[in-house]
Amino acid sequence: MIAGLTSGEWAVIGLSVKVGAVAVIGAMPLAFALAWILSRKRFPGKVLLDALVHLPLVVPPVVTGWLLLLTFGANGPVGRWLAEWFGISLVFRWTGAALAAAVMALPLMVRAIRLSFDSVDRRLEGAARTLGAGRWRTFAQITLPLALPGVAAGAVLGLARSIGEFGATITFVSNIPGETRTIPLAIYTALQSPDGGASVTRLAIASVLLSLAALLVSEWLVRKGAGR
Amino acid sequence: MIDIDIEVRRAERRIALSLAAEGGLTALFGPSGAGKTSLLDAVAGLVTPERGHIAIGDAVLFDSASGINLPPEQRGCGYVFQESRLFPHLTVAGNLMFGTNRADQGYRWLEPAEAIEFLGISHLLDRRPATLSGGEAQRVAIGRALLSNPRILLLDEPLSFLDASRRNEVMQVIERIRDELALPILYVTHDRVEVERLADRVVDIA
Amino acid sequence: MRRLFALAAIVAVALAAFALLRGPAPQQGPVVLAASSMQDALNDAADAWAAQRSPRPVLSFAGTPALARQIEQGSPADIFISADEAWMNELARKGLIDVRSRADIAGNALVIVAAADSPANLPAMDRASLGAALCGGRLALADPDGVPAGRYARQALITADQWGWIRRQLAPTANVRAALALVIAKEAPLGVVYASDASAAKGRVRIVHTFPAGGHAPIRYPAALLNRSQNADARDFLQFLRSGAGQAILRRHGFTTP
């Protein structure tokens, strides 16, 4: 089965992994910060922030993709600014696909990381403070190492979600072979032609295997963390 | 030397402590649920009293009148918790040494090697907290608190999760600290036996 | 918790039983699966037909291949209107359509559009003019690797001798209406769409080039009854589409007579 993939299909898989990896790495700082704020801080409007973070989970992906197009497209406010000041163009590029994937993966990552912050015993942080560790040292030496398995699990979950992202991607960056045609888009394309069935099967299996591997790693990391 | 006069709010109740002492082991005695832990938390800076004044030696840790409220890491309170609260991701050695780089104070009671000897835990140094027995964990917790060079040692019912033989072994350690080091101790308990054996004075918390 | 679950299960079963046992549902209109380029025209036609008799047909639009796959998988529809011959032939080969009912109901032309207020122009169909009009941007079109509109576009561009270079400057979309949307949103300076789509977006796009009909396979919309159809009104609606009244509606939306 592995040997049966064409070079074009390998290219699609490679692109998917690249887009997914960039999406997760790009989203991680924001997901981390949001998870921390939602886990530890109390402020007016917290419920609203929580809802906003979860929006990509419940809004139809095509809508998310369209909003990305309006904002980050060549004519969108942010897109224009990026092009003028940094020469960066996202629409119709793999970087745009990564952005779409990152937006869709963000809620899952925030949830997983927040759960791991929640599960760190606050009393351990209190103990560290009495031993002379200030807030930063407590975070770096106590909270973070204990939350790390959950953070890693969140990253892997985000990767799995990114690899499977379709609706927002095709709406925002369209279906350009070699640039934005990730696995789900390639499967969709193959479905369009009457004799694309074999390719669909191969890519579907590859996609399932990738996602399964990611989910298993994520589960293992969570258990490893819980075992402490 | 110890000058504490505070009122702490816990749920709907107010718990007060008024204490002036010259060192030694002071027992805070009262039934379970009376809020004694909250008092220790207040001294350590984990909880802020409604009003009052905490001073150990010449250091003012808290004073509601003048707005002084030092964060826990600046108070120098070595806190031994009921459930030991050892850091699960560090070895025993890592736990012991966690507080040792606290710069200030000439409150260096023991060198690490001495403390390890004192507490009889030299064979445990590379172990993880999850593998320790209750008595061993509490001894490590005491060692960790001692090695952070505290002004005062706070013990919150340290024997309550231990069985009889372990209780004895830890009580002996506490007696040695009380007798050999000039470190003031606040000791919370609901057990008369502990009070009679360990305390230099008793404050009743109702 | 368990009691809540049990209660929910009972309610669900009761609702299902109620729905099943309620008796025959009121007659609904014929279910029509049609290519997305037919959207506005068919909606008007359905309204016109329903004005004389109820109930109104149920219309579902998507890219032709997606609809064909749904029919292959047993989707309970009555009529299929395809944007090209190939997919209708495929379904015929699988014995899924009533071949005697099959006929073309419309034709279409292929055009290049730009946003209405854009200055783009195509004085000639050559690389210099196209390149200038695109100005570094991409040509939006339905995916040539599948959707009929995309295949026609590729054929037309090959005939015009532009495919070789422009194939690297494309923005392929899921269906032809999405390509139109990209042009309207000004994310793509030009787009290849049907004349009927340009007509639907009159005022927001303008046609800058019409591909000669000989440069691509004839664009035909075959329509047929599905063999599994049990709806008595389906045949009637199909005939309406072929009648003078139906054809007038289609022409009004930019389609040509077949």
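First chain written, first letter: the chains are A, B and C, and each begins at residue 1.
One rule holds for everything that comes next: contacts are C-beta pairs under 8 Å (C-beta built on N, C-alpha and C of every residue); 3 or more make two chains touch, one makes a residue touch a chain.
Just so you know, these numbers come straight off a predicted model, no measurement behind them.
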{"item": "Chain occupying the most central position, where position means C-alpha average", "value": "A"}
{"item": "Furthest chain, CA centroid comparison against subunit B", "value": "C"}
{"item": "Distance between the centres, which are taken as Cα means, of subunit C and subunit A, whole angstrom", "value": "33"}
{"item": "Computed distance of Cα centres, subunit C from subunit B, in Å", "value": "77"}
{"item": "Distance between the centres, which are taken as Cα means, of subunit B and subunit A, whole angstrom", "value": "45"}
{"item": "For subunit C, residues contacting two or more additional chains", "value": "none"}
{"item": "For subunit B, residues contacting two or more additional chains", "value": "none"}
{"item": "Subunit A partner contacts - residues on subunit B that touch it in the complex", "value": "44-46, 71-73, 75-79, 81, 83, 85, 87-89, 98-99, 101-102, 130, 144-145, 148"}
{"item": "Complex interface listing, subunit C residues touching subunit A", "value": "63, 65-66, 69, 86-87, 90, 137-138, 140, 143, 145-147, 170-174, 178, 182, 185-187"}
{"item": "Residue ranges of subunit A in contact with subunit B within the complex", "value": "121, 123-124, 126-134, 141-142, 145-146, 228"}
{"item": "Parts of subunit A lying in touch with subunit C, wherever the complex brings them together", "value": "69-70, 73-75, 91-92, 170-171, 174-177, 188-189, 191-194, 196"}
